[in-house]
Amino acid sequence: MPAEVLLQLTDVTKRFGGLVAVDGLTFGVERGQIKAVIGPNGAGKTTAFNLITGVYALDEGEIEVAGKRATRLPSHEVAGLGVARTFQNVQLFGNMSILENVMVGAHARARAGLLSASLRLPAMRLEEVALAERARECLRLVGLGKLPPETAAPSLAFGQQRLLEVARALAAEPLLVLLDEPAAGLSTAETARLGELVESIRELGITVLLVDHDMDLVMQISDEVVVLDHGVKIAEGAPREVQRDPGVIAAYLGEEP
Amino acid sequence: MTLPAAAQLLQYLISGLTLGSVYGMIALGFTLIHNATGIVNFAQGEFVAFGALIALSCSEAGLPMPLAVLTAMAAVTLLGAALERTAIRPARGASVITLIIITIGASILLRGIAMWQWGPNALPMRHFSSEAPIHVGPASILRQHLWIMGIVLATMLGLWLLGERTQVGKAMRACAVDREAAQLVGIPAARMVMLSFALSGMLGGLAGAIVAPLSMGQYNMGIMLGLKGFCAAILGGIGNAPGAVLGGLLLGTLESLGAGVCSGMKDAVAFGIMLIVLLVRPTGLLGRKARQGGTEARR
Amino acid sequence: MRAKSKRYCRLAAVAAAAATLPLVLPSEYAVHLAVVIGINAIVALGLNLLMGYAGQVSLGQAAFVGIGAYASAILSAKAGLSPWIGVAAGAALGGATAAAVGIPLLKLRGHYLAMGTLGFGMIVQIVMVQWEDLTEGTIGVMSIPPLSVGGLEFDSELRMYYLVAASAVLSIALASNIIDSRVGRAMRAVHGSEVAAATSGVDTARYKLQVFIMSGAMAGFAGSLHAHHAAYVHPDSFGFHYSIQLVVMVVLGGMASIWGAIFGAGAVTLIGEQLRSFQEFSTIIFGSVLVAIMVFMPAGLWRGSADLIGRLVGSRGGGGKGRA
């Protein structure tokens, strides 16, 4: 049975003035995979995420999510296709509580508009209860369930803020979750817990694409790895193979292959 | 006796270019501060008002005109620096809205001081030289028009030299292009900020002093002049010095022609142009096209 | 739910306070001031939603108030229609203008949006002055009939007070409902982090526009009330000065706070009244106080004082929360 391709990038290119950040990038992510994108600094990894989620518009190429065209779609429509993400520099809603932060994640799953909100119609109230329950569930999933839900988001410790972003992404019930450097700034213990969390996300049926610099984590949890260098894919395959690839080694060590 | 159409056109053009050069100087003041700080200085118009009022007071008190103008310039330069020290520096890092309101508050305060010192009425100021008009064919041009255009030209030249030939000027240009990079090479950002306010004060003060003989000096003249100067800056491309001047000249001319068509809507011309520019090409005529993923003006 | 019943309690308390306020006011002039505060509060609430919750700037809000005021004035005083139609038209036109202007303007951000709204506000005022056939220009529209229900005319300060107070309480309820809802969270998310809001599925442009329209409609509605209260409208009332006052009301009260907006409306209106006696010094004082507050208490007086008190109290027991 052929695996379903949830995300497919084909020949994706992005230029910033004279700089080519991503050059002819082609790779896919299959349903149920945990795939990692790695590469030295400036390789174009976060740019790729920004292209997928509509934060940047690509110059050339195509992006498909679950067979549907996602090229140049605005971010909120890409989210509607089932893609959720976290950010390298944590982008919390600092003006809301942790519960509200996660509830926003489920925005596309709810419907109440301005009219039913102003009048607090019964349908809207039911929806709010369901949204809050879902948000609490996601907080429990990432390990933040013990905190009071009205806790102000900015008051969380850094590691907890990262987890909050993951909870927010999960609230969307996405097909695919993009984790942008989730382990950055985490302690060894926190990173180990993160690895377990990523596994449990996969068990929920959600596909994971992550970018990170922590090689141990990446090699341990990923099914496949894509290696970028200067915006170009230089290797793709199982973690073991990629680790031994001479081109990859050279890229990280700065030697000519 | 009404002038034939071509003569009228020439007349509008002359007054338009004259007023436009004043707008250009005011716009330059906005641009300097915006380049150094990213702030829009709502009190810029008040620099103009103070320049006008101080100049006319000095002139009334018997000072020879050049001295009166220089005194006004110096005073408003200090005013600009003082504004930066007392209201802007302590609020560094504040949000856009906060900064906007601070400069708005400062402009209200300055207007209040102006009214307190000079009263609510419009005050006349002597022309720099003879008030007799010069006839250019069927149209006439006042000597003051020539003074204005000449002084603005000289100032632009002076600023250009400052930017090209002096260390300070180059430092300011560096800040305008990339503040962080400038700081990294050792340019003291805080001092640049104060300098930009001081220089803007000087430009505003000078603008007020040279336009007062034509427009009279009044405590609230800064509101409209400031706003229109800002419109000119947007038109030319905020952040861009030649753009500011070009925007000013263009705006002055268009406004003058518009007033010829329908005098009541004269003020609307400036705001209308600004809105059109903001919506169609927010970087203005000469501004750089904004980069994606770092746009200030638009999403 | 706890939060909800707390909100209803507060609302009930405010409604009760508003209902009994006239009993303790010393003069009819004081009641008049209360009406003005109420009208300003409704505009400030809408602007607060826009600025404090959605994080957008408007330096031209007076234009929407003016549009509502003139709509009601013209329809009732010049066209002879029922004042209630005027009020409905005021709100509708305020919202519609906001929609028309918002679609292009809201693509701008920060200073550019501020200047865009400012330019819009100036142009509207100029049109009010120039379109004499419609607005009577600088003469203004006079003899605007009062609102009435059945035989009861709202032609006294006291009656207008109750009408305006009820409208204000209703506006508070509406605003409060919106903030604590999916729509409200979306708006606040846009303010918190526009990119994260977008990737979470929030159509940021749509929500910015919605809140802009709401603020325009509320301002228009308030403008109509003003027309039937003052019985006279004039372009001077709806210019840059009033727009700035409105922004100050919102900011002074602390941006993301409904009660802050009410407080701000009251404070600015009353301070404006007090300053009148200072004549020439009024603007000097206003300007300096404004700068001082923004420099030292950018979270606004309401929040700032609450924080201050919280810190003073909190230094003894546990941490002060400092929330309004």
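Every chain is named by a letter (A, B and C) in the order it is written, and numbering of its residues begins at 1.
Keep this in mind: contacts are C-beta pairs under 8 Å (C-beta built on N, C-alpha and C of every residue); 3 or more make two chains touch, one makes a residue touch a chain.
Please read all numbers here as calculations on a predicted model, not as lab measurements.
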Most distant chain from subunit A, judged by the mean position of its C-alpha atoms: B
Identifier of the chain whose CA centre is least distant from the whole-structure CA centre: C
Whole-Å gap between the CA centroids of subunit A and subunit C: 40
Rounded Å distance, subunit B centre to subunit C centre (Cα mean): 33
Inter-centroid spacing, subunit B versus subunit A (mean Cα positions, whole Å): 48
Residue list for subunit C, restricted to those that touch at least two other chains: 204
Shared interface positions of subunit B, touching two or more other chains: none
Interface hub residues of subunit A, defined as touching at least two other chains: 55
Contact set on subunit B toward subunit C in their complex: 38-40, 86-87, 90-91, 94-98, 100-102, 104-113, 115-116, 223, 227, 230-231, 234, 264-265, 267-268, 271-272, 274-275, 278-279, 282, 295-299
In the complex with subunit C, residue positions of subunit A that touch it: 53-55, 74-76, 78-80, 84-85, 87, 91-96, 100, 103-105, 107-108, 110-114, 117-120, 124, 127-128, 131, 168, 172
Interfacial residue positions of subunit C with respect to subunit B in the complex: 51, 57, 59, 104-105, 107-112, 114-116, 118-120, 122-123, 126-127, 129-130, 194, 204-205, 240, 244, 247-248, 251, 255, 280-291, 294-296, 298
Footprint of subunit A on subunit C - complex, ascending: 174, 177-178, 181-186, 188-189, 191-193, 195-204, 210, 214, 256
